[in-house]
Amino acid sequence: MISLESDYITGAHPEILRRLIETNMEAESGYGLDRYSESAKEKIRAACVCPEAEVEFLVGGTQTNSVIISTMLKDWQGVVAARTGHVSMHEAGAIEYSGHEVMEIPQKDGKIDAETLGRYLADVYADGNLEHMMYPGMVYISHPTEYGTLYTKKELEDIADVCHQYELPLFMDGARLGYGIMSLDTDVTLEDIARICDVFYIGGTKVGALCGEAVVFTKHNRPQHFVHSIKKRGALLAKGRLLGIQFDTLFTDGLYFEISRHAIEMAEEMKKIFHRKGYAFYLESPTNQQFIILENGKMEELKKDVAFSFWEKYDETHTVVRFATCWSTTEEDLKRLEAVL
Amino acid sequence: MISLESDYITGAHPEILRRLIETNMEAESGYGLDRYSESAKEKIRAACVCPEAEVEFLVGGTQTNSVIISTMLKDWQGVVAARTGHVSMHEAGAIEYSGHEVMEIPQKDGKIDAETLGRYLADVYADGNLEHMMYPGMVYISHPTEYGTLYTKKELEDIADVCHQYELPLFMDGARLGYGIMSLDTDVTLEDIARICDVFYIGGTKVGALCGEAVVFTKHNRPQHFVHSIKKRGALLAKGRLLGIQFDTLFTDGLYFEISRHAIEMAEEMKKIFHRKGYAFYLESPTNQQFIILENGKMEELKKDVAFSFWEKYDETHTVVRFATCWSTTEEDLKRLEAVL
Amino acid sequence: MISLESDYITGAHPEILRRLIETNMEAESGYGLDRYSESAKEKIRAACVCPEAEVEFLVGGTQTNSVIISTMLKDWQGVVAARTGHVSMHEAGAIEYSGHEVMEIPQKDGKIDAETLGRYLADVYADGNLEHMMYPGMVYISHPTEYGTLYTKKELEDIADVCHQYELPLFMDGARLGYGIMSLDTDVTLEDIARICDVFYIGGTKVGALCGEAVVFTKHNRPQHFVHSIKKRGALLAKGRLLGIQFDTLFTDGLYFEISRHAIEMAEEMKKIFHRKGYAFYLESPTNQQFIILENGKMEELKKDVAFSFWEKYDETHTVVRFATCWSTTEEDLKRLEAVL
Amino acid sequence: MISLESDYITGAHPEILRRLIETNMEAESGYGLDRYSESAKEKIRAACVCPEAEVEFLVGGTQTNSVIISTMLKDWQGVVAARTGHVSMHEAGAIEYSGHEVMEIPQKDGKIDAETLGRYLADVYADGNLEHMMYPGMVYISHPTEYGTLYTKKELEDIADVCHQYELPLFMDGARLGYGIMSLDTDVTLEDIARICDVFYIGGTKVGALCGEAVVFTKHNRPQHFVHSIKKRGALLAKGRLLGIQFDTLFTDGLYFEISRHAIEMAEEMKKIFHRKGYAFYLESPTNQQFIILENGKMEELKKDVAFSFWEKYDETHTVVRFATCWSTTEEDLKRLEAVL
C-alpha cells in the first residue's frame, strides 16, 4: 500500500525523535518554561529576521486558529475569511464556539484578493446599522491555502494594505507554511511573512513534527495574559518541552526548510507522473497537495493500492481526490504510484 | 540539582520512545483512526475489565476535564466539585469558559464525602426556585486528589450511591490515576473505578507519557458525535497515533502500573527521609506527592539544590511546598535529597 | 413629518394600554407565573388550534431567535438559514455568541425553497468528514421574510417535508407573523403554521405591543428546564405580567389579527400611491413593508417630510429604502405621503 | 389576600402609565434612539451630579449584570462577589454562560468588607501561578444587598480604595437602589454612588417601573460598541422608548425617590407591626425587605391570608420568609397584615 493520503500519515522526522531521546532525562519546568522552548523561540525569531517577535507554542491547527482569533477579536468583532477557509468550513464550528462569527468572502482557488476584500470592507462600513451586524476585527488567510495555492508577495502586501487601512490585523494560517516557503514557484520568504502579517503560525504537525504549531506575533501584539487564555481553552501542555524540543530541532540547521523542500520535490515528481499518465488535474498546486479528478470506477480500483483523500464530488461520475507528499514520501513510493496508475 | 518539582519534569518512559521510533515510518490515518489507537482502546477495556467501555484519547488534563464536563452537562446544569478541585481552582476558568458553573462543596484534604454531598444535593433540591439557581448535572472527584489523598472503595461507592440517587453521573479526574491504583494504601482497583464511575480518565502526561489522557465512558454514555465536540474545542490531534502508540505501550505488559509503582516506592522512601530528617508534613499522602512545611529561610536555602513546588503560604514564616516523584525519579536522587536536607 | 420608518415607531395599541391600566393594581407572582400569562397561553393555543402547544413569552426578536436556537441545537449542530435571514445578518452575531454556526444557504427575495434546502442537506451528508464540519440541527425561516415576502402553504409543507426527512425541526421566525397571516395574498393560516412548524413565534413588538414575542412549541418539544435557560440568558422578566397582559389582550376578540389587517390595508393603499406616482419598486411585498428605489437626490429631498429606512445601496445614484405601515398608520399619513411624493 | 411577596407584584406607578399613554402616538426611532431615552439620560446625569456619565437602558436585572460584567471583563478575568451575591447564586449561571467565573468571597448579611476583600486580593496575587487560576477583573456589590442591608459611605469608600489599589472597577448592582438611597438609615446619596463606583445601575423593575434598569458608567468607561454587545446578547429593545419614557418619568419631579420613600415608610411600619406581634426577625433591614422567622405550622396558616416569599430553611421546624413593600403597598395592606398576624 502506498500512502499519499495526507501529510500527517507518519510519525516525526527522525532527527526530532533523536532529540527527544537525547533530552529525555533532563529535568525541565512544565507549561512552556523549559529551556528548549526558550531556545526554539530564539531560533524562530532569527529565522523570521524579526527580533521583537513574540513566539508561543500550541498543539494543533484548529486549536491555534481558535486561540488566536478568540483572543485577538473584541466582543463586537468577527474574522473575515475565504468561504473555503479552514476556519469557515473545516473546524467543526470552533470559531463560533468561542462566540465569534466567520465573515465569509468570495475566493478563487482558496485565495482572497485585495480588491474583493477592500470592496467587502467598504460595503460593510457603508451600511448605516453596523451595531446590528458585525464589525470586522481581523483578516484570516491561509498560505498555502486549503487548495495548496500560494499568494505572491505583491498579493500579500496588497491585502495587508487593505487590512491596515481598516486597522485590522492580518492573520496567516501557516499549518503548511514550509511548503509555501519552499515551493519552486513563490517569491514569499519567511521574513516577508513576518514583515507583512501581524500574526501567523509555523505549522509543525503537517511538516514533520509529532504535533505543534509555533505562533508568531510580529508587532508587539501578543494578547495580554496569553498563557492564561491558552490554559482556559484547554490548550496548555504540561510537558511543554514536547513542543520546545521539536521546534528547536526544526529550526536547527534549517531542518524545517529541508523537510519542506523534500516534500515539494516529491510533489513536483508526482505531478509529472500524473501528467505522464494522462490524469486530469482539478488543481495543480505549487505545493505538496495535488487535486486530481478521478472517474469513480477508477477511484475504487486505485483505492486498493494507494491511500488518498476524498475531496469533493466533481459530477455524477467523477470525484476530486487529494494526493499529498510529506517528509516521509520516498522516490520508491512514487515509482509504485506510477506503476499502479 | 535534584528535581522533585513535579511528575512532568522529564520526557517519556523509554519504552514509549522506543515504540514511537519503531512505528515511526508506518502510514496511518489521522484523527484517531490509526490502528494503535484501536489497539490501545482494546487494551484499556481489558485492563478495566469493562468490555463495553468507550475509550477516547485527549491531550491534557484541563482539556479533558473541560471536554468531558461541557459535553455531558445540559444547558441548565453545573458540575459539583470540591472547593479544592482542579476544575474549581487551577484551570484558569476552563469550565466557565464552556458556559457552566462549578458548584463548590466543602472538602477535607481534597476529598468530598457522601454525607456532605448528599446534604448539599438535598438542600439544592429543597430550594423552591431552582430555575433561578443551578441544577447539579455531574459530580467531579479527583483520585488521587490535588493533595495526593485517596478515596477508599467504600467512600467511592457511597459517593456513587448518592450520585445515582439523584441521577448524576460520577466523573473521576484520574490525571494521576496510576499513583492511586498502585499506592500501598488503597483497596481501589482500576476495575473498581470502571464499575463505580460513569466516566473517568487515565492520566498519561503525569504518569510517563509525553502527553495524553485516556477517557473511559463505562456506561454506554459517550456523548453523541463526541469527535465533533472534541474538534470544535480544538482538542483533536491530527496525528492521533501519538496518543494511540503511547497508551498502547503503557497498557502493554503492565507498563502503566510498573511506572506508577516505581514512583510510589520512591515516594515512600522520600517520606522516610523527611521523617528521619525531622521535617514537618503538611500532608503525608499515600501517593507520589508529599506536602512539607518549610521555614522560609530553609526554603530559600534548599532551593539552591532541590527543585520543588510552592504550594501555599503556611504562616508568616513558613511555606507549604510539594515534592513529587515520578517514573524517572532514582534512588540516587533521593540519596542526594537526604544529603542536602 | 410622516413616519413610515418601521413598524415599531409608536407605542402600543390603545387596548393594550387600557388593559395594563385596568390590571395595574392586581398583585401577581413574578417570572411568568401570573394569571394573565396563563390566560394568554390558553388563548394562543386556541388560536393555533393546537391544544398541546407549549407557549412561552420572551421580550424581543433577536433574544427569541437566540434562546430558541441555542436551547434546541445540540453541541454539534448549526442552524440552516437563508443568507439574508435575520439570524444570519442582523443580530450582531447573537447565534455565534451562543456557540453555534449559522449555515447559510441561497435565497430569493428572502425565501429559501425545498429543493435548494434538500440539495444542500444531501451535499452536507454526502461529505465523508462531517465530524470536522457542522451538522445541521434546525432549519430557520422567517414569515414574512426580511423582504416582506411570504411562503405559500405548499412551499412551507415542502420545506417541512425535507426537514422531517432529515429529522430537523423547522423553526419560523414570526416577528411580523400577523402581517403574513392577514396578507391579502396568502393561503397560510395560523393553524397551518402550528401544524407545519415545530416551533415558531408570534411577534408582538412589531404588531402593536410595547414588547414581547410568544414562542409556540407545537410538538411536545419545549426544551427541558426552559425557564432556567431563559434566565441564564438574561431574558426572564421579573414582571412577566407585562408580557402576559399584552398577549392576553392581543388574543382577545382577534385584536392581533385586526391590527395586522389594518397595517395590510394601509400597505395596499401605500403601494397604490407609489404606483400612481410612478415610483420603482425594488420589491412589492404582500405584507406591510415595501421596498422602493429612490434616486439619491430625491431621497434627500423626501427625508425632509417622510421618515423611512435606508435598506441598501442600489447603484451609484440610487438607493433602496423601506416604507412600513403598522397599527398606528392612518389614512391621513398616506394622504400626506401622496402629497409629498 | 394581602400580597407582600415581592416588590414586583403590581404593574407600574400610575404616572408612568399616564406618560406611556400621553406619548403613545408619537413616532420615535427605535433601538434607544428616541428622544425620551435622550431626555431620561440627561435627567439621570443631573440626578447623579455627574455630567460626564454615560447612561444606557436595559430590561432586567440578571440581563444587566450579565451584560455589564461580560463586556467589562477581559478574557482572563473573573468578577469578585459575595457568596450571597445575586450573580453568585440567583442568576441561573448567567455570568458563567458568558464565559467568566464568579470569584466568591465571604460576606456578612450580604455585605463584603474592604478588609476581607483586600486580604483576598493580596492572597490571589501572592499565588505564584495566577496564569492557571483567575485574575480578578471587577468587584461586584449590591446596594441594598440581597438581604436588604446597606453599606455606609465609609464602607463603600474603603471598598473602592481597595479596588482602585488593584485597578479593578467597582460595580454596584442597584436593582433596588431607590430603597437604599431613601432608607432612614443611610448616609449614602446617589451622588456619592456615582462618585465612588465605576459603574452601577438604577433599578426600575423593582422600583415602580414595568421593566428597565438604567446603567450608569461614571468614569468614561462605557465599553466600546456597547450597543452592539447589547444586541449580541439579545438585550436590545426595538421600542427603546418603553425604557426611555419610564426613566424619564421616574426622574421627573423626583418620582423615583418618592416611590422609594413610600416603600421605606411602609416597611418601617411593617417592622413595627412584626415587633408588636412578637415575631422573630432573621434580619431587620433598613430597606424594603424584611426577613422573619416563622414556625412552619404558623407559616402554613399565614399563607392563606398573606403572600410572602420562602427565603430559606431555618431549622427543622422554622423557615425564614421575606416580606417586601413597594410603591403599591398601602396602609390598608398593613392594617390587614396586623389583623392576621
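Think of it as A, B, C and D in the order they're written, each chain with its own count starting at 1.
The working rule: contacts are C-beta pairs under 8 Å (C-beta built on N, C-alpha and C of every residue); 3 or more make two chains touch, one makes a residue touch a chain.
These figures come from a predicted structure and were not determined experimentally.
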item: Touching chain C and also chain D, the following chains; value: A, B
item: Chain pair, A-B or A-C, that carries the greater number of C-beta contacts; value: A-B
item: CA centroid of chain B to CA centroid of chain C, Å; value: 50
item: Between chain C and chain A, distance of the C-alpha-averaged centres to the nearest whole Å; value: 42
item: Centre-of-Cα separation between chain B and chain A, whole angstrom; value: 33
item: Multi-partner residues of chain C (each touching 2 or more other chains); value: 76, 91-93, 97, 99, 131-132, 228-229, 231-232
item: Contacting residues of chain A [partner chain D, same complex]; value: 31, 70-71, 74-76, 99, 130-132, 135, 223-225, 227-229, 231-232
item: Of chain C, residues touching chain A in the complex; value: 76, 78, 89-93, 95-97, 99-101, 123, 126-129, 131-134, 310, 312-313
item: Interfacial residue positions of chain A with respect to chain B in the complex; value: 1, 3, 5-6, 8-12, 14, 17, 20-21, 23-30, 59-67, 91-94, 97, 205-206, 210-211, 228-229, 231-239, 241-242, 307, 328
